[in-house]
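Each of the next two complexes has chain A plus one more chain, namely chain B in the first and chain C in the second.
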Partner chain A sequence: MTHRQFLLALLIGLLAIPAGSASAQRIEDYPGYFDFRQLEDVVGAETTLEVNFKGAILRMAAEAARIEDDTLADMLLKLRGIQVRGYSLDRSARKALEDRIGPLASQLAADGWDRVVRVRDDDEFVEMLIRDTTGERVEGMMVFVIGGGDNETVFVNIVGEIDPEDIGRLGRRFRIGALEDL
Partner chain B sequence: MKRHLPIALALGILLPTLTGCIYSREITHIRQDVEKILDARFEREFVMTVGPRMFRTASWIAGRVPDVYAQMASDYVREIDKVKVGVYRVEDHPRTTELRMEKVRRFSRSGWETLARVEDAGDNVWVLYREKYDNVRDMLVLVLSNDELVIVKVEGHLNELVRLAAADAAFFKDLSDL
Partner chain C sequence: MNWSDTTSSGRPVDELIEPYLDGALSPDDRQRVLTAAAEDREFARQLAVARSIREALHSMPSVVAPPDLVPSVMRVARKDRRKQLLASIEERFRSITTSGLRPALATATLVAVIVAAGLFGRPAQPTVSPEAQAALDQIKWTLALVSEVTERSTTHIRRDVLEPHVVGHMQTVAHDVFEDPRAGSKLN
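Right after this comes the complex of A and B.
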């Protein structure tokens, strides 16, 4: 899936869905937030895809989602934000990036994130981490996917309360390959 | 003379509803910002602003059509205040496409946030929005291709617009479930 198709799927998915009572707290203050500026030096390439859903725009998306899927709309209302970054990288750049994302994921794990999925094969590199500071619910999720194609390097950060059972639903809805089967 | 009467009437109705229809200072400023940052030059092809009077008129007309979809359209259109469109021809191609809206003073100062940005096969798309009182009030879309820059700004109660659409969809779903 190209970045454009991914963006379209995400926008249609979200807009075919407003999120609810967002508090005035900034998304950056939530434990599950990941600051993508950390990645600028790690990736060493400009983003070719950037998506940021938060606040009123996320609520709008949840409202639009309700047209087709009430459960998804309710799930989106519990979220504080969805951030996506995509990169166009050739094979050698992807391989080099895999070597840098691994240590970054380890650093996140040391900072309190839990590594829940780790896939490494010839065509796919996936690291998925969740944040749970209370021991009761997932408060954020970070997914690093480096696929086999030039436009298949995508990093996703979901901020807010997530039921692990809903992760697959989110993946299928927004065509995030690495999440679809969870 | 009779032949031109319908056209004259149509213009008589439409013209007062268009505000600043062939010029928009805001769209021009955005174009200038983009030119500066990308080190490019764009030539105006078409700029249009459709203002609140046009939308209120359209809403009023649609509201009087005895059709449920026209009534729905009437409600949706009422939530839109203004649409501005600018289409520009690329005269000098950009030297870069690294347009980071958060670094553009005009945008960051006035509360614009980037919803999406995508670069694909030479085309670049930016979608920005602005909140007011916890609602999405403005959306701005910029599309830069090899030969054109298109700028579209929509102002209105966009959360309410989507809420209405969702409520209508739920209503029809309930009807079909009966």
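Right after this comes the complex of A and C.
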């Protein structure tokens, strides 16, 4: 190997290190990640909706969003993953689930999540928690919603750099259809 | 009269054989044919041969043409016509390129290329794959859900604040007034 070839190989190697280390970080390693496997025993029912977006598909969605909305595209590019689980539960199952989700949310709060919304109502149960390990930015969001209808039990985990104001502002533009629409 | 003589219309008499057999001659020309046949044995023989050929053709069984015959013939004709047209264009183009018009032709070609590039070379509208669009739709739905949950929760919080501190207090006051008139006098 000549001196020039050695320098070229060294340069390529140095350039590859940051890219490789960035892509090697798994979504499970991010502080805002929530492992939905924890819910399997808690819910005790099959999911009717399961969404897992990360990596390439999330970037593709961001680029698709750029056609109509730069703000949405920029926000999506900062995310590392979006997970959604939906369940079809009757009233008694929902009430039983509320009794189990409450302690789970408390456990998350003990693990460093901040409880920002907590609603207990006759026909609605909401827990929203955010994760902020640095004190500078939100790195994850967890939302538990147990609504009044059979198909209104939805849990959401958003992983990555999140601006809650952006989510509120952007979310208001979009229509929430029934779960069956998805 | 020799059968190679011309008729009153200037046509040679032998050209009158077919029209004669078709019955398409004027009385004068018809008479000329008959005269020529009577006077000239060779002409009479030609006339007899022509008549026998015609009768043989008429006696042949008629054949029905296949239904696609006309379209096929038309296709061949159009193909030939296209070839001729292309050949003529090529010929004209060759004559232009070999003439003094070559600089003008080069300029015109350049302009055409630029115009075509302007029309067809515009950046194409980005297309979105169905998978990406489906993902985006679900992401929008998720964001909308989170947004709505937050807003509804805010409403709940306000109600939670209002009920104990305002509505509850008013109920207490109203109860005192109606149950204990003396309490009402305190309000005055």
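One rule holds for everything that comes next: the second predicted complex is superposed on the first by the 145 of 182 C-alpha atoms of A that agree within 3 Å, B and C clash if a C-alpha of one lies under 4 Å from a C-alpha of the other, contacts with A are read in each partner's own complex, and residues count from 1 in each chain.
The rule we apply is simple: a residue touches a chain if its C-beta (ideal position, glycine included) is under 8 Å from a C-beta of that chain, and two chains touch if they have at least 3 such contacts.
Keep in mind that what you see is a predicted model, and the values were worked out from it rather than measured.
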| item | value |
| --- | --- |
| Partner chain in contact with A:V126 - chain B first, chain C second, else both or neither | second |
| Touching partner for A:V51 - first (chain B), second (chain C), both, neither | both |
| Touched partner set for A:V43, first chain B, second chain C, both or neither | neither |
| Touching partner for A:L76 - first (chain B), second (chain C), both, neither | second |
| Chain B or chain C, by number of chain A residues touched | C |
| First, second, both or neither for A:A64, with chain B first and chain C second | both |
| Chain B versus chain C as contact partner of A:V145, first or second or both or neither | second |
| Residues of chain A at both interfaces, chain B in one complex, chain C in the other | 51, 53, 57, 60, 63-64, 67 |
| Touch list for chain B against partner chain A, complex | 98, 113-121, 125, 127, 129, 131, 134-136, 158-159, 162-163, 165-166, 169-170 |
| List of chain A residues in touch with chain C within their complex | 51, 53, 57-58, 60-61, 63-65, 67, 72, 76, 82, 84, 117, 119, 121, 124, 126, 128, 141, 143, 145, 154, 156, 158, 164, 167-177, 181-182 |
| Partner chain A, residues of chain C touching it in the complex | 126, 128-129, 131-133, 135-153, 156 |
| List of chain A residues in touch with chain B within their complex | 2-4, 7, 10-11, 15, 18, 22, 46-57, 59-60, 63-64, 66-67, 86, 88, 151 |
